[in-house]
Amino acid sequence: MTDALLPLLVRERRRDRTRSALVCLVLSVAILAFAAAEILAGSADIALDDMIPAAFGQGEGLAAYVVFETRVPRALVALLSGALFGLAGHLYQRLVGNVLATPDILGISAGASAAATAVLTLGAVGIGVQVSAVVGAVGVAALVFLLSWHRGVSPYRLVLVGIGIGACASAVTTYLVTRADEMSVERALRWMIGSLSGADWAGVWVLLLTLAVGAVLLLFASRGLRTFALGDDLAAALGTRVSRLRFGSLLLGAGLAAVATSITGPIGFVALVAGPLAARLVRRTDAAVAAALVGAVIVVAADLIAQTAPFISPVPTGSITAVIGAPALIYLLVHGRRRS
Amino acid sequence: MTAVPPIAEDRSDGPHSDILRAEAIRVGYDTRVVIDGLDVGFPVGSITALVGPNASGKSTLLKALARLLPLQAGQVLLDGAALQTMSSRVIAQRLGVLPQSPLAPEGITVADLVSRGRHPHGRLLRRSGVDDLRVVADALVVTGTAELADRPVESLSGGQRQRVWIAMALAQQTSLLLLDEPTTYLDIAHQIEVLDLLADLRAAASKTIVMVLHDLEQAAAYADRLLVLSEGRLVAEGPPREVLTEQLVQDVFGLRSRIIPDPDTGTPLILPRGRHSSSPTPQEIP
Amino acid sequence: MTAVPPIAEDRSDGPHSDILRAEAIRVGYDTRVVIDGLDVGFPVGSITALVGPNASGKSTLLKALARLLPLQAGQVLLDGAALQTMSSRVIAQRLGVLPQSPLAPEGITVADLVSRGRHPHGRLLRRSGVDDLRVVADALVVTGTAELADRPVESLSGGQRQRVWIAMALAQQTSLLLLDEPTTYLDIAHQIEVLDLLADLRAAASKTIVMVLHDLEQAAAYADRLLVLSEGRLVAEGPPREVLTEQLVQDVFGLRSRIIPDPDTGTPLILPRGRHSSSPTPQEIP
Amino acid sequence: MPSDPALLPRAPLTLDDRLLTQVSTRGRRRVLGLLGLLALTAIGVVLSFALGARHIAPGVVVETLLGLRPADDYETLVIVTERMPRALLALLVGASLGCSGVIMQALTRNPLADPGVLGIELGAAFAVLLGILFFGVRGASSYFWWALAGSAVTACIVLAIARLARLAASATISLVIAGAALSAILGSLITLLIVRDTAVYAHYNYWSVGQLNGRAGVIDEIWPFALAGLLLAVPLGRPLNALALGDEVAEGLGLAVGRWQLFGAVTAVVLCAAATAAVGPVAFVGLLGAHTARLLVGGDHRWLLPYGALCGAVLLLLADVACRLIPGNGELQVAIATAVIGAPVFVALARGRKVVPA
Amino acid sequence: SCSTSAETEASGECGVFPYTLAHAFGSSAFEESPERIAVVTDVDLDIAIALGVEPVIYPGYELGAWQQEAFDERGLQLDSYDPADGIDFEAIAASKPDAILATSGWSLDEDYEKLSAIAPVIAYTTEDGLDAMTWADRTELAGCALGIPEKADAAIEGVGDAFAAAAAAHPEFAGKTITYAVIHPDQITYSSYQGSDVSFFTDLGFTLPEIAAEFTGDNAGLSKENIDKLEADVLVIGYPFGDEGLLTRSELESDPLFQSLDVVKRGAYGVIGDDVASPIAYPSPLGLPWALDAVAPVLATAAK
């Protein structure tokens, strides 16, 4: 019997993996294509001959600036921040076991914004803002966890406390923003919607480093996360240290989301949509890589549209992400097989 | 399933040979202490049936033994080492648990669920290989759920689902199995099949099995030893035929019954005497 | 509960006296037809046990009878009227269902859950009155869950929880009860108690009861009639002592068994013959 | 063994009676709680008459309420034209949102659902924006109708999508995802429309901040809807109770599940849409109110609905008072005060909740 | 000319090249006077035009009435970029500027790096330069860095003269107290608080009422309950975002609280629209004279 079943399972497994790999491959190709299109297109006309060397930092003059200093880092920031948002959302959704549970709803993004706004109004610039955003986010995550601790943390209580803390944090932000009386509309918009217009190499490196560290940490966490879906008892029975993992993942997700937010502003919807989309594409719930790639595709494609689409471009990227992600999600929702 | 050697009736009782021991444990929930000062040991290769009325603390004891509930006092020793000092992973490699009413995540397939039982054996970077799949396939086959491998768990009948959970516990390949009412939802044939399977496992792989059962006849037929729990205390312990008496059933369960030996095997048959269980005109059974 | 008269063995079989009838029904799920072309009726005041192996369609049939699953063909008649034409509320006042594994919402207390069984009897704006409360209290008392009234359902043991669900079904006060494995999770005493209770209800209030059971002995002891389902088809139907044969158990469940009459009551005892159920040295039972 | 006529051990009658008293005292406690909330609401209203950015002596407030002061007195004018309509508005909006929050959470079986979950807020916002941009709509009262229409249309679309999706996923999840997705799309469209027009942006922003300030005029528009919605919610307690047990059990209890779900959704939409149309997207009040109610009375929707409404009203009233009391001459947006006042209470309640560690 | 102290301590001699400008983000060096100027804010566009410089590119916000007028007058056909997603660095780089004029700009702290990689940036000089510098300071700064200090002086003087002339034409302004408040979409703001740049009014001879000291930049919001704090000899209400918001003009004028103000009863108030509210809020050498022309009649009516 086993001998009959095993090949079947192996085939099944192979099919699943092939499917995952295929989906990831297609997503990667899409990312590369969109990124390439982004680098090729833009308001300045650059000859293709100048473009190639410039893209690798070899050219000089206008081409070098436009391609190497503007378009390449922008494409990279889009890609990386999308991946981070996707990962963070995916992580939280699995952590709490609720599709609505993103870093936004758990108050993490609000914490990042509050901290960032606070130092902004104190006059800090650049890296100080980013660091404080991350500190704010991780701090809120830790606070939420501790406040919901009562012989372990039930996801439900975690979420309730997160909502409460998040509400406080966003009240702080709103207050600070309205106090900072002369905040320009332009800047407020950029802060609220999320834009890649400020993308530069420093941002790329920060994101890359975060993604690398995050990926490694996630690797450690992901096996344990697989058991989370079975409920805390069974997860523990299978050797997962439930509370520790929950705390760690909470902080990790907060960190990932905060770093991305501090560089691009809160690019909406990616964190919410990447996980469910990826799960429906690869037909499994534990699709971290796919979630990251879906996040990246969405942001890169959105940025391409934001920069080049007729009639509307240029607009902040955050205003386009949902236009891409949401219909895809609805489509999969309506047509997806009932096997997530 | 292949023919198995007859069960060796080895009941060495020294605490040293106990693979799992609870010593003076106190466990309970937030406000409620369920078990206080319980000592009990489980010898290697034994099948122990935990019986007792509802709410007597059977599931609580099982959870405490698997360190799913924090001990308020006392300790549980796995192979002589305190559970608290061991890593979750090491415990999970040696001790498998089937909770009383586990919930499957939405959309998960049978094969996927069962393969999660392999979790404690995974290495960080290694994806589960063919070996793991072989174990999963084995577990599916012996529990009779092989044809269901592709089905979403939520679309199964109650008994099918229960067997899938048993398969998951088996896939964990631990030498110690703690099963909370493994036969729930199963039809009689599958109940016997599962119990036979457990007996096989004990015989072939010398697994130690602790299970909660409500069916006293099955407990008597399959367990080496019965632990009778009542209101959190151990009220009887020993070989089924010695422990199971009409008096005990009356005292512990409050059930009038008659106990007769199985005409073929001699295991006790417990005939409950409910108010309606008698028929005015006994009839011949065809 | 007062003393009950002996069970009147009235098995009038005319379709006209059936309170519930399924006629040529076809039911199933999205892609799977489970039952096709089944006819069956349930006389007023009868206790019918639905038995059969796992996945044979027992729960599916029960759900179809309670219009919880849409019929793909055929019809179900409640007192001669097609279920589809009746309002949910009217049906619910006459027909109570206990699903196989219901889930309680988080945080709900026992009393609260049971009192929701009163739903079909509520008027839109009327608050539940003392009458309702008395019914709820009665249901709690007869199922032995009165002391649990204030506890959150999720903090109960498996058996306690099961009895709470039964209490909810009883609080619905319907003349027809469809129960899917009501004895799951219950200890033997409580199993008997619940079955006795159902027998009482039938006798005192002439309720009609259809229940899925896995324990064939209990089915034989308490039911007037056995329906044996296998792969969605009705393979046997009739009084337990006639239906239950070693051959049937072998054919339907694939289980070797020996059936003997209960020495006192004469109801059949089914002694399964698993591979491990025989003991080499039959012992005397104390 | 002959049949034994012994009975089931019959529990002594006293137990039965104790149970009854137990159940009824719990009922009494709930009634007391409800009265307490009503009292709090009344206090909130009084506070909202008496306190504000301007210090007005209590005597003056009392005299004004008794009609003893000249109608053109400045402080009397402040109380009559500013504070009274605002208190009424806070009351209506808070109650609507709290009630609609309870319904939405029950329908979606998701504790994270706020009344805006069906895309109501963004639908309203989008419609208001279209009104501003293309039809020259100006002023809170005209925004109201646009917002109402917008949220109704959006909610219908979301319900339709969720219905289509039912086969592929569970109904509640579909509802939540469809709502989130549509909201996101509308959010994007809004951004695209306002990103180049600072004036429209400013006005949209004004609408979307969510405040009671300067919106007293919409009372005339909102009250019929709020009242109708609250009335529609009255019969929902029992059906929602049954729904909470799952579709199957609910159906078994005689609930026409689909029909009541629709009815509940319509009620929640009417309530939330009216509130949103009146003061902007402050559905968070509904989330907080519903949870606070749940933490206070537990899961019985017959109690949850009035508790939720009152919690929402109290929250919004107190928040509105608080945001007028900050030092300085100006006021705070009510959304800020809502969070600052509501969140700590909320966190404390959530912590104190006796959840069994999962 | 009136160099600020911050400027002189850190930069080379005004208008003499090579010239090094030390500013809030470092310093920018100019070998010779820059020819091709890119501007990245509205105010800088005004300054450039007031100095007679035709920028090679500017942010394409909708032009204010005063800007449109200047463009029409001079027949300007300038390139612009779409600022909806912030500064379009690519377009600016492609316009090959010698210098980037950014004496204002809210997001300069974030954008400076990328701008300075294109061309030297003429940025505001101190950390708080964004708030601390007056329009005259900015004009001055631009004049120095662009090598046309004399034009800057002339522009500043021109504005001064216009105000002096208006003050002379309206002696009734002198000594009257004035309150300037704007109706934002979400609140009423007391704009003419003590310490803000109220030169537009004081240069015409108005003074501030005592109550103006109660408000500060951090605390300029005004609850409608306290609308009586707007009392002064003359009241000007601005609608920076058009005739709508918390109260539209008609709502305001029919509001019983507003009507109960003395200044309103006397009719000593005027309302100005978004066309002028904006150059008053963001003064520039180009916008001020235009705003003055538009506001003076309103003030005259109110101060009669």
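Lettered A, B, C, D and E in written order, each chain numbered from 1.
In this text, contacts are C-beta pairs under 8 Å (C-beta built on N, C-alpha and C of every residue); 3 or more make two chains touch, one makes a residue touch a chain.
The structure displayed is predicted, hence computed values, not measured ones.
**Q** If we look at chain A and chain C, which chains touch each of them?
**A** B, D
**Q** Between chain D and chain E, which partner chains are common?
**A** Looking at chain E and chain D together, the chains touching each of them are A.
**Q** Please report how far chain B has to rotate so that its Cα atoms sit on those of chain C, a copy of the same sequence, as a value between 0 and 180° in steps of 5.
**A** To map chain B onto chain C, rotate by about 180 degrees.
**Q** Determine which two chains are connected by the greatest number of contacting C-beta pairs.
**A** B-C
**Q** Return the distance between the CA-based centres of chain A and chain B, expressed in whole Å.
**A** So the centre of chain A lies 44 Å away from the centre of chain B.
**Q** Just give me the whole-number Å value for how far the CA centre of chain C lies from that of chain E.
**A** 83
**Q** Between chain B and chain E, tell me the centre distance in angstrom, where each centre is the average of that chain's C-alpha atoms.
**A** Taking the average C-alpha coordinate of chain B and of chain E, the gap between them is 81 Å.
**Q** Could you work out how far the Cα centre of chain A sits from that of chain D, in whole Å?
**A** 31
**Q** Tell me, which residues of chain A touch at least two other chains?
**A** In chain A, 151, 156, 231, 233, 315-316, 338, 340 touch at least two other chains.
**Q** Residues of chain C touching 2+ other chains?
**A** 6, 106, 155, 193, 196, 200, 264-265
**Q** At least two partner chains per residue is the criterion; list those residues in chain D.
**A** 1, 3, 5, 7-8, 167, 195, 198, 202, 209, 333, 353-357
**Q** For a test of understanding, state which residues of chain D touch chain E in their complex under the given definition.
**A** Residues 52-54, 72, 74, 77-78, 81-83, 138-139, 195-196, 198-199, 202-203, 205-207, 209, 211, 213-214, 324, 328-331, 333 of chain D touch chain E in their complex.
**Q** Taking the touch rule as given, give the residues of chain D at its contact with chain C in the complex, in rising order.
**A** 1, 3, 5, 7-8, 10-11, 15-16, 19-20, 22-24, 26, 109, 167, 234-235, 238, 241-242, 244-246, 248-249, 251-256, 294, 298-300, 302, 353-356
**Q** Across the complex, what residues on chain D touch chain A?
**A** Listed in rising order, the residues are 110-113, 161, 164-165, 167-169, 173-174, 176-178, 180-182, 184-185, 187-189, 191-192, 195, 198, 201-202, 209, 284, 287-288, 291, 332-333, 335-340, 342-344, 346-347, 350-351, 353, 355-358.
**Q** Give the list of chain E residues in touch with chain A in this complex.
**A** 81-91, 93-94, 96, 106-107, 109-111, 113-114, 117-118, 127-128, 131, 189, 217-218, 220
**Q** Provide the residue numbers of chain A that touch chain D in the complex, in ascending order.
**A** 98-101, 105, 147-148, 150-152, 154-157, 159-161, 163-165, 167-168, 170-171, 174-175, 178, 185, 189, 193, 231-233, 268-269, 272-273, 276, 312, 315-316, 318-323, 325-327, 329-330, 333-338, 340
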